[in-house]
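Pasting the structures in now, so scroll down.
Next come two complexes, and both contain subunit A; in the first it sits with subunit B, in the second with subunit C.
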Partner chain A sequence: MSARTARPEVAETEIPRPPFPWQGWIAAVAVVGLLWWSSMPPPIGTGFNLREVVEGWPQMQVFFQRLFPTPDRPWPLDYLPQIVNRMTETLKIATAASIFGAVFALPFAMLAARNLAAGRIVYGFGRGLLNLIRTIPDLVLAALLASAFGIGPLPGVLALTIFTFGVVAKLLSDTIETVDPGPQEAITAAGGNRIQQALFAVFPQVAPDFVAYSLYAFEVNIRAAAFLGYVGAGGIGMILNRDVKFFNYGRVGLIITTIFVTVLIIDTVSTTIRRRLV
Partner chain B sequence: MSTDHGQGLPPGARPAYGVAIGYAVLTVAALAWSLSGIEVSPERIMRGFGQAGHLLTMMFLQPDWSYVAKEDGLLEGLRQSVQIAALGTAIAAVLAIPFGVLAARNLYPLPIAPLIGKQLLNLIRTFPELLLAIAFIKGIGPGAFAGVLAIGIHSIGMMGKLYAERIETTDKGALESLRAAGASPLEVFVFGIVPEVLPDFLSFTLYRFDLNIRSATVLGIVGAGGIGEKLVFQQMSSNWHTIGVIVMGIIVTILLVDFISGKLRAKLA
Partner chain C sequence: MPSERPSVEPLVVLENVSKRYPNGHLALDRVSLSFRPGEFVVIVGLSGAGKSTLIRCLNRLVEPTEGRILIAGEDITRFGDADLRRQRAKIGMIFQNYNLVRRSSVLRNVLAGRLAHLPTWRTVMGWFPKDDIRLALRCLQRVGIPEKAYQRADTLSGGQQQRVAIARALAQEPMILLADEPVASLDPPTAHQVLRDLKLLSREENLLTFVNLHFVDMAMEYADRIIGLRAGKVVFDGPTTGMTESTFEEIYNRRIRPDDLRGAVDDRSPTPLLPETIVVR
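== the complex of A and B ==
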């Protein structure tokens, strides 16, 4: 994350910046203009206004209440095995994609790092490809692959593999560029080639980061995998889509709860491991 | 590989082969489990790649450029996605402030409120955005409106956390001198914290806008407006020449927003 955690020490004599420079006013006007344009009625904007949110609120409340069981409207627990089945498929898709994506990302990240890339052309090409891959949203990719490979979990695995590859390779190549050059120089001095540098000087330094980035991608993949079914790419999204369409509120409530609890557990475990690693 | 590898080095510098082997075994086991039940055959993959090549040709070599400016076409969809992201981000930027204040440890003598605040933000962040979108669609009907609310509520989770962490790193000296001069807690906040954190809050908002543009292109898949809705619609009728234009439009928009937001953030830092 790009958030700064500490501010650099400012010398006492430094002249403070004006609190609100003239560029600030231009930016403020631009932002207000953008929001005003965005909330215009439909042919021009989205028609978003707070009154409609307030007016729609009771309806939303009814929807949320129906999701949860009451004594006379219990959750359809006989549906649970099917949900668990589909959720398992979602987990499998995310797991396979995270592993494949991370494994492909490792060598590629080395090619796309300035201190390891074989020349500027390889470096530029690698970086360009990674930037391009990361602009394609995961579900859009899944929709396209479902048309090519046929519906089912396979296009889901492929789409999330490509997504994982993009994210892990980008983050890892950034990290590789910041490693201590000492070991690499030592191997070069001893006559080691670029592959030996990568294996014995760079990889040991970035291994914990590599695992952490892969786990992070896995967290994102679980969320995406839960909705792959909307575009025909397998997992729990398929039954969610169907039950939402047919207004099966009890089932929808059960599915939403299952997804949320699963995501919460995986996030908690994964974040704890990541914190220990880095 | 020689067996005396790492001898004579301090313990931390010795390669941890045991750990590495453990990770490898775990990974292979997870992979074997995850691939069980997925129907894959070499010919399905080959056929898929052939089909993908065919689709990519239609999408990118023969794109239907007339879709760009068409009524209800590409520009219309992209406009909606940008507007959804802008409104959603603005809502979150404002609503995240009270959450950030609640969760900042240095504002309270006891860490009770921050603990509750941090857990609350965690829950909001964890709840999948698309589930929120589905809920809002059912509550107030499909369309851009539901997308704005989904992005607005979901983004509070991350922005509130960033706000709180930023407030926690404010310069202690300035706060203490304000307190020593007899400022009330509110005055300490307004004059000690706000001027210092404001540029970073704006920077977080721009960063979140970056992420939300991506979300706003996907939300349409569940029916919450934007270009994603057009994509799904075109896919149903297999208009691949049009889909190519949509995908290119999404890529260009995201690159453009990334570029502008990056430049502005560099200015703020």
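== the complex of A and C ==
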């Protein structure tokens, strides 16, 4: 009681009115407005509405149930060797693309890092190219390359190589710009040229990040490679596309399960390695 | 040797060297100095007095904006890239934060001192000549840590890391050694050990050595010659015996205080190494 009366001025102080929370209200109005706009019927919006989802639900259930085996409708296990074959091709595409892309990304990332680039023009060119590359979705690139080089794994490898290059070079050049400049200063003071600075002072500092980014790109590439067959770029996507079209539900289920298990295993292993690195 | 000194040609000559940074700060103001081979020079002054700038102008890690710097008779301010790298190869440098590549082995860090002596492609492949590896190991031996050669640099203590940095500078087989606050990150006993090593190496190799130091008593203990900088100007240049209380006040713009002293090997003892001309109040 006495402690409270010792500070009477607190009770008398008026709490000033807080400012109106404009940002929150503007964001809320914008989100609701955009939702309303996109759910309008075509050609203005998509015509998306929840009722359609609810009404279509039973049909979706039937579809997904058909993917999985029952005693009278077992999975066509004799088809498995062909699936494994195609999945292996997908893995080969992803692996080759990840390695090629990462190997090219390493020197390029040095050109596109402010603290190693030889002048502003080189730096600007490097950054510009990296930004440009990442604007092209990998599926679009694969489709374009498939029409240029013909159906098969080659356009898939090329598309994912370019994707890996773009992602790894961009992430790595950002990391290079944050390294401790001390070792580079020491190599410069000892008369080392730019290549020697990059190799002896900068690369050892970013090597674990480089491996981590390459593994990350590999994880993304596996998933992308599984799909590339849809645009004619080889791998398991080719047979998935075909079996979906012919309503071979059992085969589709088996293919999807194979992809799921493979991606899960690779992601787990790769993520574990990446954690250890950083 | 001392009788020969006056006849020895100066190795480094600064003529009216100024450095104005892009933000307008004048870090060096028409500095003219000359140095003979083998001198152990300690540069003292407040933070921002231009100590680091002066040392970094000597290998052009900082570009002077005016004046000439002659090393062995050649004006290094006119050098292009290739000549500059060749010149830098002859100047070893050690830093406050050691500037080692922490994830690389000690030996690889020392071998970095050989980079400018080798063709780039060879260093890219990591093919160092046997002689260079032997030289690097010898340098590690001289700083007393030959057994650490294959350890990662970041497994070493601060004092050991600074020794690796000294070995890297020695591996250049330099004629000049620059040390920018080499002991500022070390505890007093280790700091004295490092300075003793530097002094010994300077003597044995006849290395012209420049050391930036914050602490007056350390400067007094090790220097052959002290350069006092204040606001980019040389306000004192002479042997330690010439340092008096008034020259100290000229450098630091105030009387000497116990904070300006780092103490001898036993941190707690009063500093017996100071000459009597400086009185601690």
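One rule holds in what follows: the second predicted complex is superposed on the first by the 258 of 278 C-alpha atoms of A that agree within 3 Å, B and C clash if a C-alpha of one lies under 4 Å from a C-alpha of the other, contacts with A are read in each partner's own complex, and residues count from 1 in each chain.
Please note the rule applied: a residue touches a chain if its C-beta (ideal position, glycine included) is under 8 Å from a C-beta of that chain, and two chains touch if they have at least 3 such contacts.
Just so it is clear, the structure is predicted and the values come from calculations on it, not from any experiment.
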Item to check | Which of subunit B and subunit C A:187 touches, first, second, both or neither | outcome: second
Checklist entry - When the two structures are overlaid on chain A, which partner does A:177 contact: first (subunit B), second (subunit C), both, or neither? => result neither
Checklist entry - Can A:201 be said to touch subunit B (first), subunit C (second), both, or neither? => result second
Checklist entry - Residues of subunit A touched: more by subunit B or subunit C? => result B
Checklist entry - Is A:47 in contact with subunit B, with subunit C, with both, or with neither (first, second, both, neither)? => result first
Checklist entry - Which subunit A residues are contacted by subunit C in one complex and by subunit B in the other? => result 204, 207
Checklist outcome for this item: The subunit A residues in contact with subunit C across the complex are 180, 182-183, 185-193, 195-196, 199-201, 204-205, 207
Checklist entry - How about subunit C: which of its residues touch subunit A in the complex? => result 59, 61, 85-89, 91-93, 95, 97-104, 108, 112-113, 115-116, 120, 123-124, 165, 168-169, 172, 178
Item to check | Interfacial residue positions of subunit B with respect to subunit A in the complex | outcome: 15, 20, 23, 27, 30-31, 33-40, 44-45, 48-49, 51-52, 55, 80, 82-84, 86-87, 90, 123, 126-131, 134-136, 138-141, 143-145, 147-149, 162, 165-166, 169, 171, 195-196, 200, 203-204, 207, 214, 217-218, 221-222, 225, 228, 231-232, 235, 238, 243, 247, 250-251, 254-255, 258, 264-265, 267, 269
Checklist entry - Given the complex with subunit B, which residues does subunit A contribute to the contact? => result 1-7, 19, 23, 27, 31, 34-35, 37-39, 45-48, 52-53, 56, 59-64, 89, 91-93, 95-96, 99-100, 131-132, 135-140, 143-145, 147-150, 152-155, 157, 204, 207, 211, 223, 226-227, 230-231, 240-241, 244, 256, 259-260, 263-264, 267
